[in-house]
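Here come two complexes built around chain A, the first alongside chain B, the second alongside chain C.
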Partner chain A sequence: MDAHASVRVRIVSDSSASRVTAYLNVGRFSTDLRLLILVLCFTSWSPQQVLAEAPAQPIEFPHDVHTNAEDNAGNAINCLYCHSYARRSSVAGIPTLAKCMGCHRYVATDKERIQQLTRYWEQGKPIPWKKVHDLPDFVYFTHERHVQHFVFQQGQSVQQVCGYCHGDVKTMTVAEKRRPLTMGWCLKCHQQFQDNPVDVPRPVADWHINATDQSLKAVMPADTAHAEPLRKAPSDCWECHK
Partner chain B sequence: MTIKNMIENWAQFRKSGQVGDEYYDHADYRWGMVIDLDTCIGCNACVTACYAENNLPVVGKERFGRGLGMHWIRIERYWQTGEEGEKKTRYPEQGAQYIPMMCQQCEQAPCEPVCPVAATYHTPDGLNAQVYNRCIGSRYCSNNCPYKVRYFNFYSYSETWASPLEQQLNPDISVRDKGVMEKCTFCVQRLRRAKNDAKNENRLVEDGEVQTACQQSCPTQAIVFGNLADADSRVSRMWKKHNMAYGHREDDKQQKTERGYRVLEELNTEPSVIYLERIRDENI
Partner chain C sequence: MSFDPVNRRTFLKLMGVSGSGLFLTLQGCGNASLEEGRETVMSYIDPEDFVIPGEEVWYATTCHQCPAACGLHARVREGRVRKLEGNPASPINHGRLCAMGQAGLQLHYHPDRIPQPLARIDNRLQPVSWDQAKTRLHKILAKAAENPQRFALLSGEVGGHLEKLMDALVQTIGGPSRYVYEPLSQKIWHSATQSALGITSPRLQLAQAQMVLSFGADFLGPWQSAVHFAAEYGRFRTEPRGSLIQVEPRMSLTGANADWWLPIRPQTEAWLALGLAHLLASENKAIALPDAISQALAQYDIDSVSKITDLPTDSIRRLASALRTRTPSLILAGGPADGQVDGSQMVLASWLLNYLLGNLDKTITHAGDSPFAELETRIGSTAALQKLSEHMPALDTLFIYQSNPVYSAPDFLQLAAGLEKVRNTVVFASTLDETAELADLVIPLRSSLEEWGSRVPAYSPDQGLLQLQQPVMQALYPQHVASGDLLLQLLTQLDKAYQQWPDFYAYVRTDLMKYREQARPDKQPNPWKLPAVMTPPTYKPVMLEQAFSTDQLDEAFWEHTVAAGLLQLPTQQRSLRMQPQVPTIKPVTADQNFPFTLIPFPQLGLYDGRHANLSWLQEMPDQITTIVWDSWAEIHPETAARLKVKTGDIVEIRSTHGSIKVKIFEFNGIHPEAVAIPMGQGHSRGRYAAGVGVNPVKILAPVFERDTGELALYATRVQINPTREQDSLVKLAGSDSQHKRRLVRTINIKAPDFSHPEGSAS
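Then we have the complex of A and B:
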C-alpha cells in the first residue's frame, strides 16, 4: 500500500494553497463540450487534417484559463511550471497527474472536468493525452537549447519563446497545431542570418505574439533581438538528423 | 541543405584542410582521433560498445559470413609470418597485429562527392556526416570508400530487437531501416549533447568532456579522441608529438619516435584518425 499512499501524502504537502489565486471560471465550457462531441462525430470521416489540427483530448484542457490572466481571475501560470522539462530536456513533457492534483484537490472541485481528473487520480491511471506537436522519429529537436538560449540567456518572455513554434497557447483552450513544424519552416529561422540565406527573413508577424508575461531580463527591441544570436543558429543537417 | 549549398560542399572537396580554408575558419571544433596500436590488444570491447551505443543490429552468423555485418568499428587482424616479400625478418613469426578500423572521417572524403542526393557531406566541425532520412541507398559512397567502412542495410533488422530488447535502444540516435547506408559517426549524439551542455554555460566543450563509445570502453586506453581545434587538447598534443597534421606525409617524419601514420595515406583522403605504429623489438 504504501508506496501509493506515501506519494499522495507528499503531493498534498507540496500543494500550497497560496499558489492558487482564485477559483477557475470554467462554466462556459459546457457549450464547448457539446462542440467537442460534434467534432468527434465529424472526425470519424473528415480529412486527416482536421484531426491533426485539434485532436480530441480525454479532458478538454483549457490553456487560457490557466495562463491568460486577462480574461480570467488572475491565473497566470508560467508555461514552464507545468511543462517543466522544457528547460532541461529535449522534450517539454506533459505534467504528471500529481502536478494537476496539487492544485485541483482544492481548486474547482465542483467542475465536471476536475471530477473527471480526480477519477483518473483515484484509479491511479495517467491521462491518455494525445500528442499535438509530433515530429518524425528521425528529427532530434531539443526544447532545452531553445529555452535556455532565448529565455535564460537572452531574457525573452517565456510566452514569446514558446510561441515561436507553438503559437500563442495562452489564447487557446485545447492546444492546437498552429505552426507547420516542417524542416523548411525551421530553416527559415535558422538560415535567415547565415552568410548565404536561402530565404528572405521571416516577417515579424510570423512569430511575434503579444506576450503579457514578465521576462527574466530587460526585453530587447523586437527588430534587433534576433539578429545576433540567430547568426549562430546551426543549419547543419547533423544537428537535428542523426 | 539547398542545391547551392550542396554544390558549395562539393567545391570543398580536396580543398579542406589547407591554409586559409574558409569553411573551417570559424569553427570551434574539429574532431580527431589517435589509435595507439602498441596498446591495442584486439579485445573487441570497442566493437561491443559501438553495437550498444549506436543501435547496431546483430545480423546473425549466416549473413555475417556473407559480409553483411553492420559493425561500424571492426578489428582487422593481420598475421605476420616472418617473411615480408623476399626479405626474411629478424624474428621468424611475430604473431597477430590488430587495427581497429572505423570511418576515418576523411577531410577529403571520397564518399562525399559521389552521393547523388548529398546525404553524406562534411560538417563544419570536421565530421563526415551521413543523413539517414536523406539517403536513397544508391551505395555509391560505399563503393568509393577505400576503407570499406560504410555499411548498407540490405535487410530490415527491426526483428533484431524483439521485445523486450527494444528497451536497450539508444533514444538519441535513429534506428536505421532497410535501404539506408550507415557508418561510424564519432558518436555524434554524444558530441551534440556535450556541445549543448557547454552552450548552456556559455563555454566550449572541454578536453575529455566527451568520449566516443569505443574510447570509453577501451581497457588499455588505446583510443584518444578530442578537439583538434584546441591546441592544448590531448589529441592535439599527440598529433603534434608524432608530427602529424593535415597534409603531412609519412616521409615528413623526422625521428624514429614519431610513430603516427594514416591508413592508405597515398590516396590523399586526409583522415582525421591517425594510428600509432606498434613498437617491435627491431625498432628499438
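Then we have the complex of A and C:
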C-alpha cells in the first residue's frame, strides 16, 4: 500500500448505546495511530460489530427481504435454497442467474433491481458480485463439512449454523463481514471440542441469533452421500493448512 | 552483476523497517483488496446440474500435442481447465499421458496466443477486427475459386472431420493441391510397410515378444505413439522378461533402456539387417525364400557387413543367435535407420527379418479394417513440402493451417522467400510463429481444449477407434471462431449444400450418428448404455428400436460417446500375408571433406520444435544428457580428442548447405563418425523459444529417400570446425565420473580385477 495515500477507516460499533462512526484521515506519519486504532478495534470485537465496510455491490441485494420471517416482511427462504452448494462443496457459491430468474421472471419485475438482474440474464453475463468473506489461499476451509455436521446430523437451524461465521444475515441487506475469520477465532470452537463431547459450539451463547427457521433434520432425509460419523472438531495444523 | 555494498548494520536496519512495515500491513489493513471491492466472485449463469463450484468435473477429449492422439481427461473447476490426464478408456494410452500431453494446458493458457486476427497493412501485421478479417478471407477465397490452379492448402496431420472438410474445401474450389506436411513424418515406414504387408499400420505387439530388435526406432521416445508403446514395453519387460536390443548410431531413450546397445556406423543399418537376414536364411531352410532374394542376400556376408557397419563379427553372430533362440521376436526400424536414401529398403529388410523369424501373426498382427476409412488421418510427409516449394511460384493463394514450415523446413527449400512471393498467404495459427509472421492474414485459432473435433489415430492398437474431442471450457477468446466452424462458413460461401449444418458440432454429430447401428450394445466389446431412466427392467438390445424413438437412441448414443471420449467399433481381423522383395541397397560413398553424419534427433519434449515455446518442456531436462534450455552437439569422446575440443566448446557444424554454431557435449553413446544435435530449438519467435539454441534441420542437404521422395533426415554429411569460443551447458546431472568415490562398483567380467580402485563405470 502506498504510504503517502490517505486512508479512511470507518469504525461502526453497535456495542455502545449510540452508534459511533468515526472517519479518520490518516496521514503519512501516523502509522502508530492506525495501529492503535486497529488493535483496539480487534481486541474489542463484539458479535454484532461490522468489521469492514461492505463493498458496493453491482445490485444491492436485500438478504433481509429474502430470508427474514414472513411476519417480519420477509420471505423466509432457507439459506441453503440459494447457496445450495454449501452442503455439497467446499465453497458455498453464489446462486446461479438461472436460479434468481426462476422466481424473478414473475416476482417483483417492476423493481429497478430486478430489471437490472434481468438485463444481466438477457445479456448472458454473470453478475460481478464483490467478495465479502474470504480466507487466505493457505487455509483450507470446507462449508460442506460444517453444514453437514451441524445442519444435517445435529439438526440445528440453518440460519444459526450459517450465522456462526456470517452473522445474522437476515438483518442485512447486502452481506457484511461480522466475524473476523481469523485463526484464533476459528480455534475458539475447535479447541473446545478437544475436551468436550461434540455439541453446539461454546461461543454460541455469545453468537446466538434469533433463528426463525426450523430444523431441516425433521423435513429432509439424511444426506447419505455426504454423511460422516460425528467426530470432534479437528485442531491439527494440517486440517486447515494442507 | 554488481551489488551495492550493504553492511551488517544497514541490513539489520532495513530488516527492522521492512519487518514492522509488513506487520502493519498484515495487521492494520486487513484484507484490503476485499474491503476495497477489488475481489469479485462470479456466479454461473445456467450451469449443468453436475457443475458445483469447488468440485471438479472431468471431461473426456483428445490430445493434440503429437500425432499419437491419446485420449484425455481434462479436470475442470469453476469453468477453467486445470489439469490433463490420460483417458483410462482409450486403448492408445490407457489413462497415461506424457509430458508433452501435460503441457497441452500451457499451450491453452499461453500468453503468446493471438488475441485477434492480424492483417498485413503497410507491410506490417496489424490487428484487425474479426469482421474485417472474415471479409478479407471471403474475398481471398472468392478469388481463389476463380483460379483454382493457383490455390493450395498446407496443413499438418489433422485427421477426422476437420480433414474431411479441408479436403472438401480444396475439392470445391477445384484445386488439385492439398499438402499434408509433418516434419517427423512416418511416411517412409508406412509406405514400405504397405508395400510389404499390404496395410500401412499393422499392430505391433511388444508384449507378446520374447525379444525386440530395434533399428533406431525410438519407441519409448517420439516414434509413432510414445505412451502406447511405453505401456506395451512395461508388459514386455514383466515376467518372462523380454530382451531389448537397440542398434543405432546415437543412443536414444529406447537405446538407454536396452539390454544391449550396438553403436552402428551411421547410414549402414540396412546392411546389418540384410546381413542378419542372410545368416538366418542360410541356417533356417524351413522358410523358403525365392531364389532371387537368396541370391541378393548372398552379398551381405558377415565379413563385409562387419566392415561396413563397424560392428564386430562376434556381435553380429551373437545377435543372429539371440534372434534364433528367442522367439517370437519383433524387428522394428525407424528414426536414423529409415531416414536414409535407402530408408524404404531398411524397413523392407526389417519386415523380411520378421518374416524369416515367423513373427507375422504373432507379434505383428492385422489391426482390422478401419470402419472410419473416410475419417482416417492422412499421413504427413516431407516430400509434400518439397512439392509445395516447387508449386509456390505458380500460387496466388496459400492457406497454411497449424503448420510452421518456415521454421521446420531445411534452408535449401527457401520457403520463406517463396512465401513472400505468394500474393495471399493466410495462416491459421494460435501463436505468431515464424510462418505466421510472413502471412498476409493471420487467423487465430482456438485451442484444442476449446473446440469440437475427431481423430482417427495414425497408429492405433485397434483400427476401429475414433477419438472424439470436445470443448472442455468456454473459449478464452470467445470471439475466436472454431476451425471447423470457419471451414464450414468458407464452404458455405462456395457451396450452399453446406448450409444444412449450422455449425461444426452439428456436422460431427450428424456424421457419427451413422455409426450408431454398428455401435449397438450387442455388437461391440465396450457397449454404450442407455441412461438409467431410459433403461427398462427387461432390457434387451433387440428391443431398442421398439422401445425408444430414434431421437432418444441418438441422444443416448451421443451422450455415451462424448462421455467416453471415443467411439470403438468392432473390426474384422485378418491374417497377414507378405511377399518378400528383393533388396536393393547402395553403399553410401564417404566424403573426406564431410566426415561426419548429422543426426538431428527429436526428443519427447520439444518434439519437432512445435513445443519450444512451452517453458514447461524447455525446463524438462533431456532424458539422456539432462540438458535444459539449450542445443548441443553430441560427439564421441574419441572424436572430441581428435578434434581437440571438449564439452562446452563451441564448434561450427558445416554441411554443403549451411552451418550452425553449437556447444559440444562429449557423449559415449554415439558412434565416432556421427554428430547428433537435438531438434526443436533455434526459433526466432515466441517468448520462451526465441534465441534459444540452434535448428539442425536448417543445414540439411537435399538428400531424398529413393522410393518415396521423402527428405532423408539422417543422411546429411557435415564437418566439425572448432572455434575458440566456449560456453557452459546447463544440465541437471553433475558429472559422468564417480571421481573415485566408488559409488557404483563394476568389474570386467572377462578379466575380473577386484583391486581396481574405481571400476569401469566412470
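In the analysis below, the second predicted complex is superposed on the first by the 158 of 242 C-alpha atoms of A that agree within 3 Å, B and C clash if a C-alpha of one lies under 4 Å from a C-alpha of the other, contacts with A are read in each partner's own complex, and residues count from 1 in each chain.
Basically, contacts are C-beta pairs under 8 Å (C-beta built on N, C-alpha and C of every residue); 3 or more make two chains touch, one makes a residue touch a chain.
This one's a predicted model, so the numbers in the text were calculated from it and none came from an experiment.
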Partner chain(s) touched by A:Tyr140 [first = chain B, second = chain C, both, neither]: first
Which of chain B and chain C A:Ser89 touches, first, second, both or neither: second
Contacts of A:Glu176 with chain B and chain C, given as first, second, both or neither: neither
Touched partner set for A:Ala56, first chain B, second chain C, both or neither: second
Chain B versus chain C as contact partner of A:Asp236, first or second or both or neither: first
Which of chain B and chain C A:Ile127 touches, first, second, both or neither: second
Partner chain(s) touched by A:Asp213 [first = chain B, second = chain C, both, neither]: neither
Chain A residues touched by each partner, larger count belonging to chain B or chain C: C
Complex contact set, residues of chain B against chain A: 1-2, 4-5, 8, 121, 123-124, 127, 129, 131-134, 172-175, 185, 188-189, 192, 196, 199-200, 202
Chain A - residues contacting chain B, complex: 136-138, 140, 142, 144-145, 148-149, 153, 196, 198, 236-239, 241-242
Of chain A, residues touching chain C in the complex: 1, 7, 31, 34-35, 38-39, 51-53, 55-56, 85, 88-91, 93-98, 121, 124-132, 134
Footprint of chain A on chain C - complex, ascending: 24-25, 27-32, 34-37, 39-47, 52-55
